[in-house]
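Note that the chains take the letters A, B, C, D and E in the order they are written out, and that residue 1 is the start of every chain.
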């Protein structure tokens, strides 16, 4: 077959977007981008290198990356099955369960932290039993991961459930008529089909975990290297040196943008 | 995971100090001195709002020492029997007026903070700095007209340094920390409203003797020097 | 594998029973919306009907009375649905290999089977393509290959050749006939939905005519097509069919047409159909005076060329005439004509 | 046509879910539900009525509902066009723009508030021009809405963009061949088709706006009836009476669950 | 509206030019994957080709050389694609009314048009249904109604009747013929992709045969089908076609077959095709001694019943024989036979 001669590629044309759409879209983008730019104007660039390489910053960044990655994995492991159950089955009380799953979104994070303490703390619902087993969850790195998972899980579930609903289950039905057992269908058909939704969901969850502050400080405390993630470090810096806090936030922003561009870029190419 | 510092990795030599966020600068400095003085000892500092820290300690947080920004929160712990011995007051703080460096509202005294045309921010009465502000206003016979009752001193300070507010009431230490970003206006009646910082060894402390050493350091001359440099007053 | 199905889907106005003997192929024909795809969906288990009982090879797979339900993947029933629905994230080989893989074949084995099926259907060159880049007919062929690959005990095919071009249909029909023969020898069963009389004749043993969700005729394919009892089957077989009430010489239609027939007729008054070949219908512009007993005035509705002959459709019956006759008589839609049929060419049978 | 005789309805069967999926799904649900239940055990029910009917609580609830509704509307108005632009067009720098749109997710809310101050504040990038026009954003309810919109916008955009991508643009193409202009296609085809995604996105945005704390306190301040939303009220209560704060959080939870169940319930039925 | 299209899509191996006169209907036929749908997509603007120029009624709508591009909605070109793709959120009437509404008709007017189209296509009872609840054929009919409703200047139909049942196809073909006639009188143009020779004969004026993305024959429909130059068109017309090199008595095929013909033949050595009617082919078990000049050994590949006759397909050409002959000679796939054709029945023409 003859290959394309020019640089131009054949495209399927989408229904073009009406021009006016760009106006509110630009406004919306401005609402998000301008404050970030404004923030840049407040940064004292000369302090930046020292600040970013200080031991506490590095420890916080490294802890943040590790815990956010771990809680993203947890979110995927728990959230994917939840999204499937919500999108593909029907049972009484499902609407209520869905609302509950959304709760961490609406709960102020500190209250979420209190709830986690009420569960895993020494006097908590499970904490007392766990303590008997010699496991202490609260105030450890595990607690950070739990707090981040708690607030980030809904993002993955909601985003994936939406994709699953939009994708429908026609291909799953076809796979079943070809003799594929439910696990096979899940692995070879459903998951690959909603991969874009899963990736978005995971990116959202990672971003939320990375930015998590309130639940972490309440449930896990703020101990350098153990529970003091980057947002907690930023918060502390703000007490003594607000400008340094802003500069440190930039680090968080850069990390987040890197992760998002990398993940989304790769996905776009496939 | 190995390069992370685990407080329990070497139980014999790690001291965990829970302290109010406003002590971050001073306690960090003192921790270095403490480690230098005690070979092989690591000081782990956890900072937060005093009430956050209290609820964490109640839930079994592995803390040896607690330093609060007010007496009320320390009293809660004492009431819960979580404090070994008596808390000791180690510092105090008073309020000052801060304005942006160019002082656009021409604020010269506490009376100006009653002007509804000025954008004035104070702490909410529910938080320690807010109740102090209220007491101060009462003592000075002024009715404040705030545009916002903030959650914490830091929030008040942010509003002032960003130029959003014409004036705010903050602790001396905060004003000092902000440096050139604010102009300070002293309030004569401030000395009548003093906020006291207590410190105590906790009853669940795994390092009671190191904890006592820490309290000694903070209340001792070395600690007081550092605190004074940051703007704290004697208790 | 024998099949015994009893099915009621009130929302779709479907209420029927069907039996397929082990090792045979059942054809399903009928108008659009008759319920053919519904029957296949119920057999495959992609539809959960409110009232149904399904036995395959003597095993009860579904019985709504007892609540018994066997999910699709556990039925050993394969379905080629009306839409290709190729998995968009897998290339063509992986699509075809999917079934064998799911039924436990090794990767290499599954790919071998896939390549065999693709070769059979003339799609080897598509092996590495993504479904999104296939033409309509290419996708239909790959979907057929995918449905054949797992070689299930019961194979359901919903219009497998509707999107295929005229040139490959005969060839694919031959291949399908071979596949079905091979399966028949192994006692495997198939159900084929089609709109094509050649598919019915060459691929099925038994033919069921479905109309409005009911089986209106079922029997050996040849019989159903040659002695049609429904307008649909007659149209499919290219025959004319008139419904009415049996009379001593033949049949009365509700529209008042009198049909004269020869041979045995059902008892007078019984519902009956008259069947006649379009080739036996002559077209005249004036009513002729001669012997033929049946002379029916009619209006031409369409003229369809068929090589050197043409099918002249009218509001009564169709006539198969030469293209010369079409030209001579100026036959075109709207023209008033007289249709003439000898009584000996008309068969009447009861319903 | 004969109607169904029994109560049973004909269903298309989906590929069933493998049984094991329920285990991680239940674990995930527990992670979210148990802390909320644990929180309930901490509530002092006798104080509740007085607390919930106090003037400050009612003012905060009413303000929260109004501002969250307003910012959801803003999110829809700005976010829908943004999602369309991201999903349906290609331009250089698009990946970066998408990453920027996600920033408010990862930025600690307090830093987001600082960024908004740097933009709309009196000394901010736009604030000084706004002041000339006699508009003062800070310390006003407008500031609350802006802060909530800033943090909630990404939720709507990401969730809708995912739906748009999953839905594809085949129906939009069909509409164009029927002679529909881009605006008509948007209104009569694209939007109705992704309505479920839009509703999820709006629910997410509303929930996030309702729970917003950090950006609001930093950017808008905290004055009863004007800028002190329910989460701010909860934080204040916590200083004096932690149990009361928990009880107040319950109010937030109830409101959120109500909104979610109502919206999702109606959607499920259509 | 006249159409002039020049199209190159290298990734799909399509490179062709097509012209359609105002007020005529062009038929597009060709094997699966030949590029028919690609042509329609380029005309409708749902595909943006790397190299193309399109003029409609003298207006340049697309010219990749100058970068000119007219979006689909501004072309006045309507497309019925191969998949129905009914808007799932609209009921059937709203689907059909969508086009007229989009082109500015009032709601009432658009619904009136929609109801007219649905009535014409026999779908009135589906009016309030959601597309998700339609059968395959019902969806295809509604999609056709939707495509006809806006009555665009250029109407593109991609296999409009592939999913329809045998009983309604003749009727719909008549309706489509009326619609196209009405449009023709208004100077409107249509392009129809089909796999059915009757559609080509009854609905199109001009027929283009597309193979491998190239137009291999184009001309008046009758001519293209009666004097086919491609195997595909011959198969479609039910004729046999042999390709080869002209010789003085007829033609040599690459496989070594010698074909004797009568009448004028192209100059020897020129590429040529021999065309013969299956009815002119006799089947013998032994090579006969008599006069016919063409006696070709062959193997039967398939037997297709056609009423009282049957088409016997072989590896050489197909023969149209009586069903009695099939039974007498035990004709079935694999059987070795001799095909006998009189030279006077073979026409050879150059390419």
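Here is the rule we go by: a contact is a pair of C-beta atoms (placed from the backbone, for glycine too) under 8 Å apart; a residue touches a chain by one contact, two chains touch by 3 or more.
Everything numeric in this text was worked out from a predicted model, so none of it was measured.
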* **Path length in the contact graph (chain B to chain C, fewest steps)** => 2
* To do: Determine, using the mean of C-alpha atoms as each chain's centre, which chain is farthest from chain C.
  => B
* Structure fact -> One chain pair leads in contact pairs, namely A-D
* Hey, how far is the Cα centre of chain A from the one of chain E, in Å? -> 54
* **Gap in Å, rounded to a whole number, between the CA centres of chain B and chain A** => 33
* **Centre distance in Å when chain D and chain E are each reduced to the mean of their C-alpha atoms** => 54
* If you look at chain C, which of its residues touch at least two other chains? -> 45-46, 71-73
* Can you list the chain A residues in contact with two or more other chains? -> 12-13, 15-16, 110, 114, 124, 173, 175-176, 180-182, 185, 189, 235, 238, 242
* Provide the list of chain B residues touching at least two other chains, using ranges where the numbers run on. => 55, 158
* Asked: What residues of chain E sit close enough to touch chain C in their complex?
  -> 29-34, 36-37, 82-83, 134-138, 140-141, 158-159, 162-170, 173-174, 177, 195-198, 201-202, 231-232, 235-238, 277, 279, 301-302, 304-308, 313, 333
* What does chain A use to touch chain B in their complex? -> 59, 63, 66, 110, 114, 117, 121-124, 127, 131, 136, 138-139, 141, 217-218, 221-228, 235-236, 238-242
* Under the touch definition given earlier, write down the residues of chain E that touch chain D in their complex. => 44-46, 71-73, 76-79, 81, 85, 87-90, 98-99, 101-103, 146-147, 150, 152
* Structure fact -> Contacts from chain B onto chain A in the complex sit at residues 1, 4-7, 16, 18, 21-22, 24-25, 44-48, 52, 55-56, 58-62, 154, 157-158, 161, 177-178, 181
* What part of chain D is in contact with chain E in the complex they form? -> 170-171, 173-182, 184-185, 188-189, 192-193, 195
